[in-house]
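The next part holds the structures, each set out as structure tokens.
Heads up, the next two complexes both have chain A, just with different partners, chain B and then chain C.
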Partner chain A sequence: MQSAVESSGAGRGWLVPAGTVIALVVLSLASVLVGVGHVDVAALLSGRADPDTLRLLLVSRVPRTAAIILSGMAITIAAVIMQMLFRNRFVEPTTAGTVEAASLGLVLVAILAPGLPILARMAAAASVALVATVLFLRLVERIPARSGLIVPLAGLMLGGVIQAVTVFLALRFDLLQSLATWTNGDFSGVLRGRYELLWIGFAVAAGAYWVADRFTVAGMGESFAANLGLDHRRIVATGLVIVSLVTSASVVTVGTIPFLGLIVANVGSLVMGDNLRRTLPWIAVSGAAFLLACDLAGRLIRHPYEIPVGTVAGVLGSALFLMLLLRPGTRLG
Partner chain B sequence: MSGGPAASEEIRVRHAQGETVLPARPARVFTFDLAALDTLDALGVAVAGVPGSNVPDYLGRYRGEEYLKIGSLFEPDFEAIAAAEPDLVIVAGRSSPRYAELSRIAPTIDLTVAPDAYLQGAKANAALLGLIFGKEAEAGNLVAGLDAAVASLQEAARPAGGVLVIMTNGGKVTAYGPGSRFGWIHDDIGFAPAATEVVAATHGEAVSFEYLLQINPDWLFVVDRDSAIGSAGASAAATLDNDLVAATKAARNGRIVYVDTVRWYLVGPGIAAVRTVIDEIAAALGKSR
Partner chain C sequence: MADAAPDRSARRETIVLAGLAAAALACAVLYMTIGVRGGWAFVLPFRAPKLAGMVVVAVAVAFSTVVFQTVTRNRILTPAIMGFDSLYVAIQTALVFVFGSRVLATLDADWRFIGETSAMVGFSVVLFRWLLSEHGRGIHLLVLTGVVFGMLFRSLASMLQRVLDPNEFSALQDLLFASFNTIDAGLLGVTGLASGVCCAWLLSIHRTLDVLSLGRDAAVGLGVPHARLVTRLLFVVAVLVSASTALVGPIAFFGLLVANLAYLAVGHRHRPALVASALIAVVAVVGGQAVLEHALKLGGVLGVVIEFVGGIAFIVLLMRGIHR
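Right, the complex of A and B next:
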């Protein structure tokens, strides 16, 4: 089955990449031009744009668009890596407790060391996320049948337990409403100087591309990897660190964006196959395009007010998630 | 002390969730509502039970151990309250959903003030509490003082230009218009709204910095939620320190007013709190002229 998908993907090998790139370019342009402030496209093209317009673009629109693209790509890559490592198509940072753990990290920082600079906050969130993800890995190893649906269910339950701890702490320290603001994915506060942490997340995710082959092999199982002379544990550890860092960078900067990686990675591998070296860039580009579309919708539906992107992606994502689950012949393993 | 019920007479109190009959003037009073605490404090009424958290600095003496801690602003500690047998429990706003449960334990009144009748509600609650505790004269003085302050701010508000009220929280911004929880500044004081189409949502409308520049208010009133609850988010000043906000008329003319968030947002319509908020806004307006 996998080879069938791969060969059909190879047959029109240029079509999908070209389509994703065109979608990304079109949506990026729309993202730069759509907003509350007015941008005169004609003046911009003729090079006669006034300084106010240029400031709007440089301070607000371009950084926001960049932030969306960076986090869209990084989150998608992190999700693909997780799916390979856990050998399960429904595992990603929001279905494995990773995001909830990153939020717990933020709440702990707010309680214990509120003055911490943003990099230290991210490091703290990443550490908690890593611990939770390793815990989840151990948990999954103990699930005997490795049934496809049990794994993400266990992940959602672990996430629920971690979230309960977070909410309890937030309640006790009067951070409940702040927690809601932190965790709902939202780009409305993004300006030049307020999203640059995402470059780190993106750089880490891009680094993952260089070891993508190993994740593909690791995804085939420990003994398979050992037969090829690879240190399975080290690959898994690398993958988990990457996932934790990427997740925390995006949670710290923009909040949680549910289902993004799950949807894009699954549709991506259905269309393009499982060879990550070949498909990962295009899956990442699709993730950025999907997130851009969600954010644009959030900006337009209640213009001039905004619906947070986390809400839009959550509604769209859960619908698509159900469709994926209910699709005949879904590969759950 | 003039008129009013004598200590032994029963007192009928009409409030937001019905009518409560107090058999006599209450001696042991618990309040979940900081606005009521503010007013009781201003009236000189002794309070026995207060929330265990979020009590602001200016009411800091109520943090002391001699005051029973009866829960949070939202959640009552039912067992502690039942054991302490209060004569009167006051809820409002954040705690008003607990009215029914608290009523089964002790006589309870709900002093919730509707956002579109803010000043009116603050004055009515002061008068009501004055009546309950035989402090009608004190309440009358406080209300008269507030009325005078309001009248003078109304004078200053008319020529001030367009005002936008925003709240900052964790680096994000929400906007409030007439009819919203901060709408009294337009509805009662008469500040012209800079944005006419802000819907009256409890937690405001999420807006971008671009929106602030587009609306371009003459005055920007900022409610810094993080500082009100003592959490370590980005402060409002840091949130608003960017090129887009800097280009607004309000910023260019030094007309961004960081209002007394503790009194305006956290405490709410207490008679002394509202007076302070109004005096501070009047002072900020005067300074800039």
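Right, the complex of A and C next:
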């Protein structure tokens, strides 16, 4: 990164990015090797691994690790885009009703058109998520006093309202069990052939990086964007579509992971600063590393059983969110 | 006070309270009689304990919310939104974790409740005294912190359940999670007694509560031992929340709804506000359950309906900027 030289701590500008990449590599290796089935590293390296081990790696371990990395990066990028569009540090898909709306979409599909292929299910979830997020954006625009903390508060409550509708439908149509798998993030079901949707989510999120500057400008307000010759409405719409697609891709395949993007994006900007053009890739890498760490913890705490990653991330995420909130110097509401 | 105005408002208050009491009674009768087939000897043992449980929950939630809003001087804060009942669930789970589910399952329900409530009182008084002392940093920070604390407690509880025994996880959930449809009748006696004592005490000090709602400085100036009173009130709130959560589990927005409706109906003075909120709560729970369970055959959705209506009410209150 050439711009690293320009930053004030020029001498150690590469330290944090390098650290995140090393963490990602180490955690990925650990994620591939840890599990109930034994993997003989020495045999693997010398090329004398038996076919069973190879199959275990290719069908289960590698797809699982890939799924975690893809969804970790995609969710984090989606959260950063939302924070720019809403001009609020505490907004992300799980604090704006987006995730709850995506699972409402899945429940609706399961009731109205149970036979749909997975891509159509994801599209339906994304459309409901988009509607809810636009609704939330309208809501936020009407908040009278500019208070940063009302926004996530209203978003969490909106999520609760949407969730109530979802639970009601699930109760009526006997779908509570399916709903549970969409509302709690879990990678234990990931096998080859069952996570590839995440590539779409990742591709969309990666594409968003190329237009990241526009989101920053859009976040500065409608007139500012118009002054610079940008179509504010179109940028906001693009951003919300990206967020909805990424969110529904991850809800369909792995479920909800609370506060992931919020924590990583905030800690990232504390450590690396706010120049997103430079920091976004490393923030995304840290998101993947954080999710890998949560998943590993879930696999190790009660080996050979598993604790879903959504539960682990829920504990860590809300604890870190509290620390961010109660840190001296939080902008007051 | 010989003025005509207070006199008229007092009469209005009496009429409103009498009307609410009549409505509550009507709901109770409706709940007991709607769709009854077969003899009373069959229906009574089924419905009477559920009715009693709902009344205990309604009164406990209403009183704890009004008092908590007085302590925090705020109309959008409730114990449930601040994570009190999630804390109770976390403590329940933690005790199962420490002592083992078999020991607790054989233990008498009353003793289990007393143990859990003692732990709850200790924890919550310390935690919420600390949180409320952060109050100076802004009300939105306080609410958001409470909401996130609630999520932390819920995640911790579900994590402990998984660590405890992933295979018997669902069996344990029956022990831990109650709902309006599965009120734990074994706990009726002890929870009813505890809530009754707490509510009677709160009613007996209604004038002191009126003074407290003027704010800390005014209350101290008028001779109220502020710090000691707040600690005692948090203690009582913790007991009431434990009672209602043990019976039906967490119901996030119920208190918010009934307390704000009560303020609309009879104003902020504590004696009428406490009584009115309790009556409104009984009407909502018993009437709602009568309609949903017996008339529409939709057992088990009352909590969801409350969540839906309450969430919208919360957002509306937030948008209107009513923080007082």
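Quick note on the criterion: the second predicted complex is superposed on the first by the 319 of 333 C-alpha atoms of A that agree within 3 Å, B and C clash if a C-alpha of one lies under 4 Å from a C-alpha of the other, contacts with A are read in each partner's own complex, and residues count from 1 in each chain.
Definition applied: a contact is a pair of C-beta atoms (placed from the backbone, for glycine too) under 8 Å apart; a residue touches a chain by one contact, two chains touch by 3 or more.
These figures come from a predicted structure and were not determined experimentally.
Visitor: So, on chain A, is it clash or fit between chain B and chain C?
Guide: After superposition on chain A, which the two structures share, chain B runs into chain C.
Visitor: Applying the touch criterion given at the start, work out whether A:315 contacts chain B, chain C, both or neither, answering first, second, both or neither.
Guide: second
Visitor: Regarding the shared-chain residue A:165, is it in contact with chain B (first), chain C (second), both, or neither?
Guide: In the superposition, A:165 contacts chain C only.
Visitor: Using the touch criterion from the header, give the chain among chain B and chain C with more contacted residues in chain A.
Guide: C
Visitor: Under the stated touch criterion, which partner chain does A:305 make contact with: chain B (first), chain C (second), both, or neither?
Guide: both
Visitor: Which partner chains sit in contact with A:47 here, chain B, chain C, both or neither? Use first/second/both/neither.
Guide: neither
Visitor: Quick check for you: in the superposed arrangement, does A:325 touch first (chain B), second (chain C), both or neither?
Guide: Second partner only.
Visitor: Considering only touches as defined above, state whether A:188 meets chain B (first), chain C (second), both or neither.
Guide: In the superposed model, A:188 contacts chain B only, not chain C.
Visitor: Once the shared chain is lined up, is A:59 touching chain B (first), chain C (second), both, or neither of them?
Guide: First partner only.
Visitor: Would you mind checking which of 58-66, 76-84 or 130-138 on chain B runs into chain C after superposing?
Guide: Clashing stretch: 76-84.
Visitor: Where on chain A do chain B and chain C both make contact?
Guide: Common interface on chain A, chain B vs chain C: 302, 305-308.
Visitor: Would you pull the chain A residues touching chain C in the complex into a rising list?
Guide: The contact residues of chain A facing chain C are 90, 139, 142-145, 147-150, 152-154, 156-158, 160-161, 163-165, 167-168, 171-172, 258, 301-302, 305-308, 311-312, 314-315, 318-319, 321-322, 325-326, 330, 332-333.
Visitor: In their complex, what parts of chain C are in touch with chain A?
Guide: 134, 137-141, 143-145, 147-149, 151-152, 154-156, 158-159, 162-163, 166, 252, 298, 300-301, 304-305, 307-308, 311-312, 314-315, 318-319, 321
Visitor: Hey, which residues of chain A end up touching chain B in the complex?
Guide: 35-38, 52, 55-56, 59-60, 110, 114-115, 174-175, 177-178, 181-182, 186, 188-189, 191-194, 302, 304-308
Visitor: Could you please specify the touching residues of chain B with respect to chain A in the complex?
Guide: These residues of chain B touch chain A: 53-54, 72, 169-173, 175, 197, 199, 205-211, 213-214, 225-226, 229-233, 239, 242-244, 247.
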